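Chain naming follows the written order as A, B and C, and within any one chain the residues start at number 1.
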Amino acid sequence: MTTVKDLPREDYFLSGHTACPGCGGAMVVREVMKVLGPNTVVYMPASCLLIFSDMYPYNAFKVPSLQILFETSAIAAAGVKRALKRLGKDDTTVVAFAGDGGTADIGMQALSGAAERNEDILYVCYDNEAYMNTGIQRSGTTPFGAWTTTTPLGSTSEGQGKNEFKKDVPRILMAHDVPYVATASLGFPADFLKKVDKAKAKKGFRYLHVLAPCPVGWRAESDSTVDLAKLAVETGIFTLLEYEDGVLTLNREPRFTPVREYLKLQGRFKHLSEGQIASIERWVKDKWERDRALAKALGPKPKVPVAIVR
Amino acid sequence: MIEMKPAVKLPTTGERRMVTGDYAAAWGAMVSRPQVVAAYPITPQTMIIEHLAEFLAAGKFDAEMMRVESEHSAMSAVIAAEATGVRAYTATSSQGLALMHEPLFVSPPMHLPIVMSVVNRTVASPLGIWVEHNDTMPQRDTGWMQIYVEDGQEALDMVLQGYKVAEQPLVELPMMIGMDAFLVSHTIESVDLISQEDADAFLPPYKPVHAYLDPQRPMVVGAAAPPEYIQEVRWETDLRMRRAAEFLEETDREFGRKFGRTYGGMIETYRLEDADVALMTLGTVTSTAREVVDRLRAQGERVGLIKLRSFRPFPAERLQDATAHLKAFGVYDRAVSYGVGGPSYIEARNALYDTTTMPILSFLAGLGGRDVTPQDVELMFKKTLAAAGRGRRASGVHWIGTRGVSP
Amino acid sequence: MAAQALAVAASHDGYSAIAFPFFGAERRGAPVLAFTRFGEERLRVRTQVYEPHFVVVLDESLVETVDVLAGLRPGGMVIVNTTRAPDRLVLSKKAKSATVDATTIALKHTKQAAVNTAMLGAFAKATGLITLEGVEAGIMEVFGRRLSKEIADRNVAAARAAYEATRLGEGDSGRVYAKATKWLPTAQELPPGLATPPMETPFGRVGVGSSPSNLTGGWRVNKPVLDGAECTNCLLCWFYCPDGSITRGEKIVEIHYEYCKGCGICAAVCAPKAIHMEREIEEEVKA
């Protein structure tokens, strides 16, 4: 079930949710839920997703869902899973859908703890690269140079967009040596679905980081979501990778389309200077050198069996 | 030559052993059969989770034990577990409870009856590890029931009683059980370790009524809500807190019938019937105060004692009845609401406003874990006696045993 | 933001003014509520406005389900973004009305269907209480500060154009609305802790899987249209539609409009160009 054509007709994330037109996050959740199916419990932190799918009395999921707090996605999902195990429902998938702020910033402690304990959950970060729910404030995964409402434009060095580069959350998760870490982009459906399939099938902590363009926050057209997701990969800005049982694979060698092609579609980058664009180009180059070296170092190798008893 | 007689035999249903309060609490948790335990270590709560881990390792106890990375996660994990439909337990103290402050608000409106032992300890600053109630008292408005115990036995018994009250379908509120740092947690004393069989007979397995996560019977648990719905949720949570009072009383009586020990429900009174003045205490100071009452009684002073066990729900009616005949009332607190006085003093004054015009005095002592001696307690009684009959103007806040400050 | 801009405009023109949004879960294109009060004396009431003198309707499709004139004061006026003439409005009661095709104006001047600034121009014209200069000041203050001068300028142009194009008249009565439209159970009826299974109410389903009760098709400005002859059934539109508005058929896909917000992604991902977007005019809005 790794192609679009094989996906079930049935939706478990339903119409009538109130996401903005063209929302990448809503697409991610809809597709992941198609693959996970009915035997699933969903956790949502405070996020765009919560507001557009779980504003009382309406709810967009066909399966049970839980919401408690913002920074608790990984731990709440883990708590649910442990309880389900006690109730004899170990076969139920527990998935947490969290945004980048809830993952890379405020949720990092609980995420790291759950990963280290190898809690049996699937954690999906839909990365729209800022705190979109609260109105486009910068997060740890906001890219360098991007305008946000807390990195506004002005004449000083504090007015050039975000001054730091994107936090590499998947690499942090790799450092926890969990069974599965993968990145995915809406622009590459086959790759994306294959990874959801794998993540569903595995036991233990699984982390999926999906780039989910936000037309509103990125100041882009509402029909550009998929194009942006594709270009992010083809420019080399967003790397498709998979870290599975200790082996790192780079899934797609990009065309290295000039980053300008990607940046120009987004109002959040409209102000970038030539120097800033050059910095992004250099960052892409360095990142690929590093990731290739990592993939080489973490390539296939003879397996040492490790017993995990729970 | 000092002559001694053997101690009075205490009611025992299980195995009586010399154990710490932390051990007793852990035992209470074990025989309550929680299916998920999540905790993070903090002095002086550590022994509770260490003992639970030992019980687990030895095969005496069977639960999912989550050794999480923070108290915030410990509380969030037990909330999620309860929301899924199982019984859950955690324990913490001081800074840990402060870190839990955010998730504490979550479970009461959601009908999730968690039980948590809290070893009462100073909250920084200054950093201190000794007893103070300024960790639990500020959690007053989170919707948790709050009980304060006096010794290890009560710390154990209240875990069992706690689940029984908390899981009542008409209550479904979480409960925190406060036990004084070191004075209970690390103090070795004789405790009746209730057998699993007796515990099972008292506390049936948890069956969630209103909230659970089950793909066969799907339910939304936890939602964002607009103003059209939240006020009704607040009202309903308030109603359950009010209802909890009668279940606290009834459960204590039922416990007494089975185990031969009762604690008086929300308050316990000591030599109060013919007293002119009384002191209200909570936690371990109560034990010392009983001795002081006896001593003063021997000197002809008509003094009595009220032990405040339940801070939430607050026993307003019982307090009104118990104090109706008094001429003055002193309230001891091991925490201060800066600029006002002791938290339970504030509560008591509020509760008694309609029924009395006697002076009500606030006594602050033992803050930061300073010992509260019989002399300190005697001074509280003397000040209350002196205020008797002088009307509300004789009320006031008294810092007992503070260098440079006249009490 | 338009409510704020109106308050700034009123303030510019010498009135005391106050504005606030009803803080909800605003998403781009979703129906929202905002209030502005202005007057000659200091305003103290900080509640929602229940008995307005003027109602400004930014999206005509709302009048299908919402009695926008409920609470309108005698002699009050409704100002609607529509292609209709003011005399052709049919609402719950007779009322003075003003209309303007703000969507076309906004698309022309701002390249977006954000009609709020154009409607400020219409408000100025229809009421005569606020000057066009005040409106410009309001837009520059509110939008210029948050976005950019260029965007603010475009919005000012839209407001001016709308000011010129606004027509006045009187709308008719005759439209009938359901008395209540929302499930408002008592505290005793509400599911404990809001833990809610799928539940049927007189106002539709709530709880698990209930979002289809919420028809989001009214958000749409442009709608996707399928040319079945060109469809290769590649299913990309079905895969990507964030609103689940496309279903798989035997040979080709089918587009449904109850929930379609008109984002245009289906058209963008359609390789054979079998889907195109077209501007939807009011008569075609499905309730």
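In the analysis below, a contact is a pair of C-beta atoms (placed from the backbone, for glycine too) under 8 Å apart; a residue touches a chain by one contact, two chains touch by 3 or more.
On a predicted model such as this, the values are computed, not experimentally measured, just so you know.
Chain contacts in this assembly form a complete graph, since each chain touches every other chain. Compared on C-beta pairs in contact, B-C and A-C come out with A-C as the pair having more.
Chain A and chain B have centres, each the mean of its CA atoms, that are 44 Å apart.
Computed centre separation for the pair chain B/chain C is 53 angstrom, with centres defined by C-alpha atoms.
With centres defined as mean CA coordinates, chain C is found 32 Å away from chain A.
Contact of a single residue of chain C with at least two other chains is seen at positions 25, 194, 196, 207-209.
In chain B, the residues touching two or more other chains are 218-226, 229. Within chain A, residues 51, 55-57, 59, 61-65 each touch two or more of the remaining chains. Taken together, the chain C residues at the contact with chain A in this complex read 25, 27-30, 146, 148, 183, 194, 196, 201, 206-216, 219-220, 234-236, 238-240, 242-245, 247-248, 258-259, 261-265, 267-269, 277. Residue ranges of chain C in contact with chain B, taken from their complex: 24-25, 182, 184-187, 190-198, 207-209. Chain contact summary for the complex, chain B toward chain A: residues 35-36, 38, 63-64, 66-70, 72-73, 76-86, 88, 102-103, 106, 213-215, 218-226, 229. Residues 109-112, 172, 210-212, 217-226, 228-229, 232-233, 235-236 of chain B are the ones that touch chain C when the two sit in their complex. Across the complex, chain C is touched by residues 4-5, 7, 9, 11, 13-24, 26-27, 30-31, 51-53, 55-65, 149, 153, 186, 189, 215-216, 221-227 of chain A.
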